[in-house]
Amino acid sequence: MTMSDNLHLFNQLGVVKRNIVRADKAAVEKLSRFGVSTLHEAMGRVGLMKPYMRPIYPSARICGTAVTILLQPGDNWMMHVAAEQLQPGDVAVAACTTDNDDGFFGDLLATSFRSRGAIGLIIDGGVRDVTDLTEMNFPVFSRAIHSKGTIKATLGSVNVPVVCAGAFVNPGDVIVADIDGVVVIPAARAMEVANAAEKREALEADKRAQFASGALGLDMYKMREPLEKAGMRYID
Amino acid sequence: MTMSDNLHLFNQLGVVKRNIVRADKAAVEKLSRFGVSTLHEAMGRVGLMKPYMRPIYPSARICGTAVTILLQPGDNWMMHVAAEQLQPGDVAVAACTTDNDDGFFGDLLATSFRSRGAIGLIIDGGVRDVTDLTEMNFPVFSRAIHSKGTIKATLGSVNVPVVCAGAFVNPGDVIVADIDGVVVIPAARAMEVANAAEKREALEADKRAQFASGALGLDMYKMREPLEKAGMRYID
Amino acid sequence: MTMSDNLHLFNQLGVVKRNIVRADKAAVEKLSRFGVSTLHEAMGRVGLMKPYMRPIYPSARICGTAVTILLQPGDNWMMHVAAEQLQPGDVAVAACTTDNDDGFFGDLLATSFRSRGAIGLIIDGGVRDVTDLTEMNFPVFSRAIHSKGTIKATLGSVNVPVVCAGAFVNPGDVIVADIDGVVVIPAARAMEVANAAEKREALEADKRAQFASGALGLDMYKMREPLEKAGMRYID
Amino acid sequence: MTMSDNLHLFNQLGVVKRNIVRADKAAVEKLSRFGVSTLHEAMGRVGLMKPYMRPIYPSARICGTAVTILLQPGDNWMMHVAAEQLQPGDVAVAACTTDNDDGFFGDLLATSFRSRGAIGLIIDGGVRDVTDLTEMNFPVFSRAIHSKGTIKATLGSVNVPVVCAGAFVNPGDVIVADIDGVVVIPAARAMEVANAAEKREALEADKRAQFASGALGLDMYKMREPLEKAGMRYID
Amino acid sequence: MTMSDNLHLFNQLGVVKRNIVRADKAAVEKLSRFGVSTLHEAMGRVGLMKPYMRPIYPSARICGTAVTILLQPGDNWMMHVAAEQLQPGDVAVAACTTDNDDGFFGDLLATSFRSRGAIGLIIDGGVRDVTDLTEMNFPVFSRAIHSKGTIKATLGSVNVPVVCAGAFVNPGDVIVADIDGVVVIPAARAMEVANAAEKREALEADKRAQFASGALGLDMYKMREPLEKAGMRYID
Amino acid sequence: MTMSDNLHLFNQLGVVKRNIVRADKAAVEKLSRFGVSTLHEAMGRVGLMKPYMRPIYPSARICGTAVTILLQPGDNWMMHVAAEQLQPGDVAVAACTTDNDDGFFGDLLATSFRSRGAIGLIIDGGVRDVTDLTEMNFPVFSRAIHSKGTIKATLGSVNVPVVCAGAFVNPGDVIVADIDGVVVIPAARAMEVANAAEKREALEADKRAQFASGALGLDMYKMREPLEKAGMRYID
């Protein structure tokens, strides 16, 4: 089975896919060493969710494989359906069929998700019980914090491809989230991106040292000539 | 005097009502034991302010009786008028006749409010001196943080019913606020809601234990049959 | 050279001005003793940036002289050009020719800026590497946190007058930023504003004491008569 | 029965009130002669919904008595329940328990509402079939235009008091809407406000003539003295 | 070649795919008879772009096959690259790697696109020359109208799968847009959706007649029993 | 007197400047022949107000010299002060000391402004009486349409430099507004910009003809080589 086999399931309602291809564990582990900004660069500057997705506490950090959830507005039924599909190391990634800030998730579901091995939640919707979630150290990145309760009445889906906060997510993709944002790394590219991130960080350490010693990017990156060519004028 | 006697005063300008019926102290004390999300559920999923209302520091928490303030844009005159009406255990709840982020409130007014016994402020507007307010541990929930100064020129009102951040507030209602948001509990329903919250929390403790031990909501809430009836398909 | 000499350079692209007139050091030092809200009042209630400008960590605080940067969307080339113009005590103030939340600035540039003596950044755009910046204790006030990478392809300018987050900033102006917001104090008015702030704070200390002892603003500011004149009605 | 008798029903879910006290027909007729801005002034500058409420076509105009609807997000079941309660001259006023832009209403419901005598819709939510609604000349003021379909699963209410787009609405209140916005006039004040509007418009005709002939507000309203007193400086 | 073969190209930069599989012409023709709201329902209530996408003039309408464009912020280079790939009946669908309101498109590009046979543009960005575009009757749906000019410096892509205004779009998919919004119909489902829309419209004609004659949805849809079961209370 | 002489008046409150240097009449006349997008390009891609500024009717168009107004929130006193300073061909440009959507301006003030010779209004605030203004054909570009009434209590200024909707405006500058937005052209550059616009339009006519005949921008602008150099890959 390949990633693209899932595309016919994109946004389809009323479906739970049980067997998904999770990204390679070693790659996930390696990706976990890097920050979101580094990984986004290593991927070629794509894959980010919108910046309105914020952590519920500043130190929240996630790196794991996506179990996707497609919610209906004001309805968190699929959260319970998803719980059964979660495995150790998974991250629940919840999209909604429309923009909705209701509180789809709180400390009870977090307890359930954690008992299944899940390590966090990314939700293009609202979340509540933030004090409890913070005490549990259960990381959530959401578009809103909102007490508004939800019902359990309408089918969405679990483990179909979704668009979450502007990013396309396939079940099994690697999700990395920290205070800089949320990045989605396709399962098939996980190790390649981890390796690229490693190289990038090695280079950055060197650059940081140069900058710290007073070197200018103008010289390090040989920008003076292209600036002049572009017509930059220095005046006094 | 009953709550509804005030309705003819709704949004009326140029009025200060001195005698208001505050919610029962025992009910307020009992409500203070519960979080906003629990209370919102206990009320039947109504009574919340909009989620743009955020605490100025994460641990801010309020539970008290509302003294309402109707502000004019860019004008905080009514804050001083309200100070005189505040009693121990009160929460100032400030609405505005239009959307306005100006800094209507700072550390001087907080000092004044506190010396009257007030325990916090809910404001559908801006607030400033946040460092001082945080050091004072004076909780404020607001739509903005903004230094913009205000004048004292136009009449608003104190202790008339208002709409604040989408919620209808009668003077004397109970206001509970924490990191999940702000909920308004009508004075007449205070003890009923506190009791309902107590029951809900007892039930939640049991559910939390079940979830922690690995039980699924699908089984606990007997969702498998309704899901099947609704047409949910499990695929591999 | 006077401040107004620069106006013909407003928003001009492709220019780096090397010699700017920085506000008097003694005035900057004196301004650093006051908060943004006090300084905004001392200036006559003008000079604030929009309240969407927020610190990346709550204790972030800046007081220094502006080196202005005019960015193009998705392009941080001018950050490197600006680095060379930074002097000890400077604050980089970055505007953009259009609204853009990309991550123009991260820990490498912060290292470079700091090595030049800069003490912080104000940016009407996005910033990243927030964990590193927080650990470095390098204060940034921005419109967004966003990992999105930028290119180095198009000319903007350095040290031309700009509009940043709704405020007009001349290079050399004093920028003060804290959790209440960001205020721009024209270089020519720096000492005058510092002195006015000093007077204001002295007055506030006295008022604070009166408020703390239970005095009402209604009496302290003699508001009862003007309220009555304006038609305020007290009812029971 | 008085208006305030309904307050205990505010935001209550699962209730349909059949008998409501509609504003006096003659007052409604008289109110229909005035624009929203005039009526808002005649009421004392209160009663407006938020300015995000926009007509689906520029000439849309409504003046009638409110039948209120409390919707749940993504659910338009109550629209059908409300249809039965609509009488000739009524305006449906739909609030929602949370912010939601889904398309709760289209041409079929408009046909149903019109056949009951309803003359328009105010909805703090989304609407669709705008081409058909425009051809039908069925005026709608909404927070969004959105095709997103809704379900019929959860109880809201009909003819309970609601907060709609920031305004408190009692069933039976007069709703006037035009391109300037939406104003809510309490049933009990309908004739008083109509009379005040009439006076205001008479005065405005005279002022308009004076302005047209070149008179200045400075002189007409005798502002020169108060301006001078306030410290206005004229410079050359 | 199937649709899913393209998924590895999702968001990839620096690629132009020349041969894409466009939806069947007969299906596109049939889809053109229906409105966006009908098609969205016929698809199972998915496939919509966000409601911030608005037509530049009210009568704008589009139905055609997507040629996708991935833009960089402030850069419209790929518009010219895309022009070469446009065929009669195509709709240009432009996404951007970040939120950006710049004016990527105006009357010159519209002239070019039209000369290639393109029938409109969907852009998650800004557009300008709206007077000319309206006179040309060239329909555009955009997130903003903005004069801001763009450069031609950085590679994006043409005919890779993209996320545009929250919707996933594969090159060749059918795009239908009208005043209700924008819907994306996967090429493989085009005829199925057209047929479903046809059935839905037939049903709606009948329902419209019933509603027009005064029938209630409560009776037509047999809602009275489920309402009662759900606990609805009718009071007087 | 030069433009920069005014800078010390920037944002100063309580000042009316009577003698301002208006842009050359011939230059204004020439600028009136061009659209906002053309002029913005001719200026070097600067000078635009934010795109939230929208015309109250689609055909609204303005080209004239700025009389600036600095408003206080909820207060339109300065509108009357400004009326006296308006001369034939002037455009009132109103900024506010904070974001505020109140209805500062309606048909009475429009009648007054027109009787003084003013040809339109640009306001970073709200406007009302839109039906009347449209019938009068009095063009207004605003951030909101809102009935909310204002008071006359606090000093702002007239003819001081202001920041309006993100653009710096000096009294006397040329303001051009159409459906694409609002551009500010410094008085000193008026003729230069008009000439540049003229050249640009001549070039565009030729390009339009080429595009209409099927030529590609790729060839007209010789983009194929730089695209290849940048690494663009064409695939099938």
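Note that the chains are named A, B, C, D, E and F in the order they appear, and that numbering of residues resets to 1 at the start of each chain.
Keep this in mind: a contact is a pair of C-beta atoms (placed from the backbone, for glycine too) under 8 Å apart; a residue touches a chain by one contact, two chains touch by 3 or more.
For clarity, every value in this text was computed on a predicted model and none was experimentally measured.
Here the spacing of subunit C and subunit D, counted between their Cα centres, is 42 Å. Here the spacing of subunit B and subunit F, counted between their Cα centres, is 42 Å. Centre-to-centre spacing of subunit C and subunit F amounts to 27 Å, using the average Cα coordinate of each chain.
Subunit E has residues 45, 97, 99, 101, 146, 148, 154 in contact with two or more other chains. Judged by the touch criterion defined above, the protein chains form a pattern that is neither an open path, a ring nor a star, and not fully connected either. Chain pairs recorded as touching, per the definition above, are A-B, A-C, A-D, A-E, B-C, B-D, B-F, C-E, C-F, D-E, D-F, E-F.
Those residues of subunit F whose C-beta lies close enough to touch subunit E in the complex are 35-37, 40-41, 45, 48, 51, 54, 58, 178-181, 183, 204, 207-208, 211-218, 221, 223, 227, 230-236.
Residue ranges of subunit D in contact with subunit B, taken from their complex: 3-5, 7-8, 10-13, 44-47, 50, 97, 99, 161, 163, 166-168, 186, 188. Taken in their complex, subunit E has these residues touching subunit C: 72-75, 97-102, 146, 148, 151, 153-154. Across the complex, subunit E is touched by residues 14-19, 57, 77, 79-81, 83-84, 101, 103, 106-109, 111-112, 114-116, 126, 128-131, 144-149, 152, 154-155 of subunit D.
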